Amino acid sequence: MNHDSNDSQKVKLTGEEIAKHNSRDSCWVIVHGRAYDVTEFLPEHPGGPKIILKYAGKDATEEYEPIHPPDTLDKYLDKSKHLGEVDMNTVEQEEKEEDPDEEARQERIKRMPILEQCYNLMDFEAVARQVMKKTAWAYYSSGADDEITMRENHNAFHKIWFRPRILVDVEKVDTSTTMLGTKVDIPFYVTATALGKLGNPEGEVILTRGAKKHNVIQMIPTLASCSFDEICDAAEDGQCQWLQLYVNKDRAVTKRIVEHAEKRGCKGLFITVDAPQLGRREKDMRSKFTDVGSNVQSSDSSGDSVDRSQGAARAISSFIDPSLSWKDIPWFLSITKMPIILKGVQCVEDVIRAIESGVHGVVLSNHGGRQLDFARSGIEVLAEVMPVLRERGWQDRIEIYIDGGVRRATDIIKAVCLGAKGVGIGRPFLYAMSAYGLPGVDRAMQLLKDEMEMNMRLIGCSDISQLNPTLIDTRGLSMHTAMVPHDTLGMNVYDPLIGPKEKAKL
Amino acid sequence: MNHDSNDSQKVKLTGEEIAKHNSRDSCWVIVHGRAYDVTEFLPEHPGGPKIILKYAGKDATEEYEPIHPPDTLDKYLDKSKHLGEVDMNTVEQEEKEEDPDEEARQERIKRMPILEQCYNLMDFEAVARQVMKKTAWAYYSSGADDEITMRENHNAFHKIWFRPRILVDVEKVDTSTTMLGTKVDIPFYVTATALGKLGNPEGEVILTRGAKKHNVIQMIPTLASCSFDEICDAAEDGQCQWLQLYVNKDRAVTKRIVEHAEKRGCKGLFITVDAPQLGRREKDMRSKFTDVGSNVQSSDSSGDSVDRSQGAARAISSFIDPSLSWKDIPWFLSITKMPIILKGVQCVEDVIRAIESGVHGVVLSNHGGRQLDFARSGIEVLAEVMPVLRERGWQDRIEIYIDGGVRRATDIIKAVCLGAKGVGIGRPFLYAMSAYGLPGVDRAMQLLKDEMEMNMRLIGCSDISQLNPTLIDTRGLSMHTAMVPHDTLGMNVYDPLIGPKEKAKL
Amino acid sequence: MNHDSNDSQKVKLTGEEIAKHNSRDSCWVIVHGRAYDVTEFLPEHPGGPKIILKYAGKDATEEYEPIHPPDTLDKYLDKSKHLGEVDMNTVEQEEKEEDPDEEARQERIKRMPILEQCYNLMDFEAVARQVMKKTAWAYYSSGADDEITMRENHNAFHKIWFRPRILVDVEKVDTSTTMLGTKVDIPFYVTATALGKLGNPEGEVILTRGAKKHNVIQMIPTLASCSFDEICDAAEDGQCQWLQLYVNKDRAVTKRIVEHAEKRGCKGLFITVDAPQLGRREKDMRSKFTDVGSNVQSSDSSGDSVDRSQGAARAISSFIDPSLSWKDIPWFLSITKMPIILKGVQCVEDVIRAIESGVHGVVLSNHGGRQLDFARSGIEVLAEVMPVLRERGWQDRIEIYIDGGVRRATDIIKAVCLGAKGVGIGRPFLYAMSAYGLPGVDRAMQLLKDEMEMNMRLIGCSDISQLNPTLIDTRGLSMHTAMVPHDTLGMNVYDPLIGPKEKAKL
Amino acid sequence: MNHDSNDSQKVKLTGEEIAKHNSRDSCWVIVHGRAYDVTEFLPEHPGGPKIILKYAGKDATEEYEPIHPPDTLDKYLDKSKHLGEVDMNTVEQEEKEEDPDEEARQERIKRMPILEQCYNLMDFEAVARQVMKKTAWAYYSSGADDEITMRENHNAFHKIWFRPRILVDVEKVDTSTTMLGTKVDIPFYVTATALGKLGNPEGEVILTRGAKKHNVIQMIPTLASCSFDEICDAAEDGQCQWLQLYVNKDRAVTKRIVEHAEKRGCKGLFITVDAPQLGRREKDMRSKFTDVGSNVQSSDSSGDSVDRSQGAARAISSFIDPSLSWKDIPWFLSITKMPIILKGVQCVEDVIRAIESGVHGVVLSNHGGRQLDFARSGIEVLAEVMPVLRERGWQDRIEIYIDGGVRRATDIIKAVCLGAKGVGIGRPFLYAMSAYGLPGVDRAMQLLKDEMEMNMRLIGCSDISQLNPTLIDTRGLSMHTAMVPHDTLGMNVYDPLIGPKEKAKL
């Protein structure tokens, strides 16, 4: 059969024909009702060939959908390999294997708690963990190496304690502030996170709607499941959005993206600088492995052929430019009027350099603990940065944000007391969205607002501008304490005290 | 049927009639044998409408009783809605649903340990947790947010160690001291805690009797289940009581309360300053939720309608004035001759301001960890305050108390060594009362006295006045140490040492 | 029947007669084949009347034996109440109730590990815990209050790390040293512990023999189960023993004891100064409670009648003088030529005072964590003391010992490096004795010697005199770190990393 | 029967004859098809006589093989006791006892995860623990005393956090460096570990091949299961190897070994200085005990006869010279041109002395936590050493290595940032080899390389030379924090927060 041009296709392809191309030698797949010849692309697939071969000759849409932005095939597969429309009626519906894990998950979904039972951001995570698909959960919840930085991010807030003031009139509490000139209801924004459709079929636009409702800013991710325009379109009039940017090796592509974002009304350009290479996340890798190979003894188990299919993160990020450097900053300043913020700064030296380079802000961040394990938490870096800036009188020359580990309004207050303009929150809203959709995101934001108002009162401030360093005690913040390992024998032989025993049953 | 005036009611209402008003559109309830029309009050109920609707057309006394002070209905429900007496014989006795939780609790009560098995304050808590109603336990035991401050309160004492003196004649040990001029047997007082009837049907008067027996002072709570006068009446001649005050938005009400307390002989006015809004306590909220809605899927689960019924704490505190400020202090000083103590001070700056404002004392307190999470423990704040006061020579200008986390006589000794006049103890006596009534409170206090005498001996002091800062080592106190998260993989793969194995069974 | 004089008794008493006196009104008991009328003594019994009444009219020998030194009845019960010999053939053998706990223990004894399986001191404790009687275990293993000091005692050694030297000739290692002029094989002594017969029917003489074999010193306890002379008699020629002394309210008694000890050849007088009152040990109290009352609902459960029967410790110590003070020291120096050592010193101020008072040594000790909870460990106090003494040039004016928590030769080395002359070890030898008798004690000491020789080599010292402070790193020692309580929700929702999964079973 | 000379043996020995010599009085054993009379050697056997007697009159090859280097019998058993070849057909095949532990292990081997499921070095350990023989696992995994140093070794890295730099061009990352003049791909080497055949029948040559493939250096252990020459022979042309040396009491032996190594091309001589006596490792001892004696009640259980058969470590090391000292260093410098490195230095004083003594390097090491418990980690000592050297300008006078606890590339980076030339890795490769053979070692090294490249990028360095101390935060490193023991009662009575509950099953 001959396909001269898939653009001018007359006859739809049949499932039967496609099914013949089910091997490494000739591999066709169907995505969204169209067929593609990916034989030559197999070795280049960032996610590895295995996962494609699983769908060789079949419909791959369900697996493909959440991980690939809508324009992926156009961008990465030569037009000549686009084979054209398929008559989906001729495609055999594959009977799904019974999957006891999936059945158990469906059971958990039936019994999931109702939304009102979520009283804080952790609760959404607890529910999401139960009801999300294993691979989706692994992608969202995983961090670098031993996930020590990931957990430290929230832990670090535990080292900061309050010194509240009493007898302050807090009848009226105003939690609003501004970020890069935009007025917002509360000092957090929805930070960029990839692959929203893993959690909810609608994807990132749900976050757009939640952000609108609570008047906070959404940062649009480069690696969204929805296309950039879909997310912009979902915003209402006057709603502020920012763009998170992974810089492409091809600067023309980057320029096009930036100019387009500015045209669509984005009010800030957040250039990610902590990810010259996207991290290894073993939870993610392990979840994927199980999917495609758990029952097959590897035929070639020499170390040589280390399987490069390392989870979703690596699969979607091969375009990122690891040579990006300070030299590129003037160019960015030249191509856009949007304020430019460096996202992922991790020490005071680089904050100073950022100021000197003329950018408008920094996000002290370790990428949610997903990149370098043992990177310090944003809040700890903030405590290092601010005294140095204040000494130089530079504290107002840029806006400083942090992200990572924010789960409570007290976390936000601590950051603002230390000198941050606001904080980014990512995973918690993903979990709320994954578990409950828009109502989940809505309630998550409302809970934060409720906590914020109450805690402002309890710390004795009626206004964001009153938050200042004398309200917190950060003496413990910089210590990285790891205990002396205990002696197993001693621990085991100690006979612990017990409380009063109830009477024996008669 | 016509009710012209409920004051001059001739005919009692019947259960049958009341039962008709069982909906949101017309909602009557019976409390203590009288009927009330709460239809219009429903949306204003601080505890939310749900919990009332559960009893629409029925007798709500059992649920109502412990949470509402006796004068609640008179105060908050317009007289026109007081429908008058009900012929309780006509009210259908509702057959209680079998509740497996309640049955298990009754079983636990049958087998509860006898009082002599309680050897310390923690033991009462262990028993109370088993035998109290779930909602009552949740109200007493809950704290703010992640309950970190609540637990830190006792933990903080673990960072203070003794430097005892030897070869001091301690044959006779005198643990008595004075508080605001009143001589007491031991440096603690019963601090104010709300809703005593949740734990015991008699309520706070049990604490009054216990305090009398051991010659310690009771602080009467604004939010007691018993009325203020009932608690005063329970005191014996010469027994000292203090008043804890939540300041009402209506200052006339507050003035009336203060003047009345002074008239009834109260010897101290403790104004709560750490609670412009009563805290969110999720354990409490969750316990309540389960009660009224666990099996119903919310019909409207949009985040909008965040359920405001947030546990007992919020339900009972809507009158508290969040605009209370330092400006109000002179007025308080003008309306009473009782010494005025600010309860809930949390940093040295505010202690200094308190002294300057002319009050007679402060309680360094975070409200039992029920208000602001990450507020520091009273004992830690005390260690911050005293050196500053001593430097100014101000250490004797006011009396300083702390509360929160006191469980052992060693805790009391540590506080007095640091410079406190005494400590407040709340929950432990509630638990003792809930589990064993007055004998429980009595034994709890006696245990503290026994511990106190012994530990005074062991630290080498025969008299409270000898307690001083050189007897303790507080170097670790101010550190807020949170560990570096461990590496899960490394922890799991370590093969722990084990002791000698017993011989195999033959 | 008439008993004019029990000294000149002609006819033995019969079990039948004694059995009549089985109540509070007339209470006789048999001990070691003789009858005693304890009716009047009941309320004075330090262990409470209950435990005696359990044996009213019966043979109490088995219960009495391990807790009371041999001369107890002579000392504390008036001769007129000694009723004389009993014809034991007439005493009904009580059939023991089946006790499932005891049966389980007997089963554990049958399967106990053989001695060679104990590789360190903790191992003996692990075995003893399985095979000892519950009350005996409770008495030995319990500590004050929350047992925090008891556990800290060993933990504190974990904060001291080594700075070993390499390339030192350690072919021959000599671990011998001197203590108060006596040459010993290794710098530890067997410290005084009470009630040795609880663990082994022979009691403290087993420790005497073990000490002889390994050429270390035994400190004879005042509260031994064996009499002082029995323990002296068990010593071989030239074997050095010390006397631990609780000072009696009656100084004549004390003088008699001291003079007798000197006459019998004791080479040191260790006056316990940390126990004006013997501690409350709740594990001990609870174990006793269960024994005598667990199935009886207390008839009178008012707090008033706090049961004063508070475990073995309180029962045996009522004679101790709480008025002992520095003023008594000259008198002690005047009545004996033995060197005097204060046992239980806990801060540098008191060490200085001890030196000034002319005594010959101190033991930095908190009584094995059995007295004041939150007393600091001996090793920590040592680190506080030595720099101050060295500054004054006083480091050689007395000998300084520590005890508490020593389990490894490394612990001994750390103490000697810091400046101690040696360490006392108590419980570990009791456990070894309780589990395996003399062979257990022998092996425990041999293991310590083996560890000592090896670790001296590994730290690069061939001689005790080479141990010095530069060989250890004590920077962490003085910190009393208690963690910020973790957030339960966050901890629970974290999805820990897991290792590779094995293949599913086919 | 007469055996004039085993060299000129004519007739093979029969199994039947050998079987007669099966007692302590006459004990013959077969090893690799030859018989040996070990009767007189029994009491000298470093592993104790018991284990030999188990094989008296039988074939001991399987037990003998992995623990004894090939030339052992020649070296330690007089030729006259070499009885000559055995006709193995005449030797009765012993039916192996069914061993449920071994059966379970075989079952685990069948289901072991495939190699691709190992994503980091800990994963190999997790698999090895499942599939290795118990005694082999015990020998590899055990450490000294309570294994606190062993665990601290990795833990210490957790106290060092990164201060990464952003916007550095890291497109090309070069992880290569040099060690003692040899260029290597990545700054780690395979450090010396004993008894490779316990993990894999081929032994250390597998590590040789892995090292070659990844261009890193292998250090050949004195106590290898393979002979030195076998390991040299396994190296390919130009492959660099070092020699680890335990110094023999007989210096002539040592000289022969060193000269031979130099002749065979070794490029570095690492003299172990932290093991004048090989450590007690209780896990190892316990595993051995169970093997030979668990069901026998020791007939002589007096402490006297402490069983000296203390695991593999002690068995193989009796030749090591404990008198080795600084005085020997000039002699070593005189007998070889290889650079000399002291392995096991543990404080800055000894590093200075090493430099002064003219050696070329040191390894800061505590022997993998197998020698002195509470020895500090190599990384901590490094942080102590480097500032002192830099102050003196001596940082380049020697090469400094560390080993112990390295599991992640981030650990390597931390060490190099602090000033190490590289790190040694031991156990992880043993585990990889034990579980998966060469492919395991290969993959383990590849994983480290992958991690290294990524983490260099993420820290902002493209070259090893750029790693420097400003990239890390080591403030927490020197603290040896042990927590205040928690109060058991308080911990138990706290009612932890829980997340939302799922709906009850209908």
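So that you can tell them apart, the chains are marked A, B, C and D in the order they are listed, and the count of residues begins at 1 in each.
Everything below uses one rule, namely that a contact is a pair of C-beta atoms (placed from the backbone, for glycine too) under 8 Å apart; a residue touches a chain by one contact, two chains touch by 3 or more.
Values in this document were obtained by computation on a predicted structure and should not be read as measured data.
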Note whether the interface between chain A and chain D is symmetric in residue numbering, meaning over half of all numbers used appear on both sides, and answer same or different.
different
Counting a repeat as over half of the contact pairs in common, which of A-C, B-D or C-D repeats B-C?
C-D
So what's the Cα centroid distance for chain B and chain D, whole Å?
59
CA centroid of chain A to CA centroid of chain B, Å:
42
Among all residues of chain A, which ones touch two or more of the remaining chains?
114, 117, 119-120, 122-123, 126, 146-148, 151, 158-159, 282, 286, 476, 479-484, 486-490, 492-493, 497-501, 503-504
Flag every residue of chain D that touches chain A in the complex, lowest number first.
114-117, 119-120, 146-148, 151-152, 155-156, 158-171, 213, 408, 410, 414, 436, 438-447, 450-451, 454-455, 457-459, 470, 473, 475-476, 479-483, 487-489, 492-493, 499-505
Enumerate the contact residues on chain D facing chain B in the complex.
120, 122-123, 125-126, 129, 137, 141, 146-147, 151, 154, 158-159, 282-283, 286, 290, 294-295, 407, 476, 481, 484, 486-487, 489-490, 492-495, 497-498, 500-501, 503-504
Taking the touch rule as given, give the residues of chain B at its contact with chain A in the complex, in rising order.
108, 111-114, 117-119, 122-123, 126-127, 130, 145-146, 148, 273-277, 279-280, 282, 285-286, 289, 293, 296-298, 301-304, 306-307, 321-326, 328-329, 342, 344-347, 349-350, 371-376, 478-490, 496-499
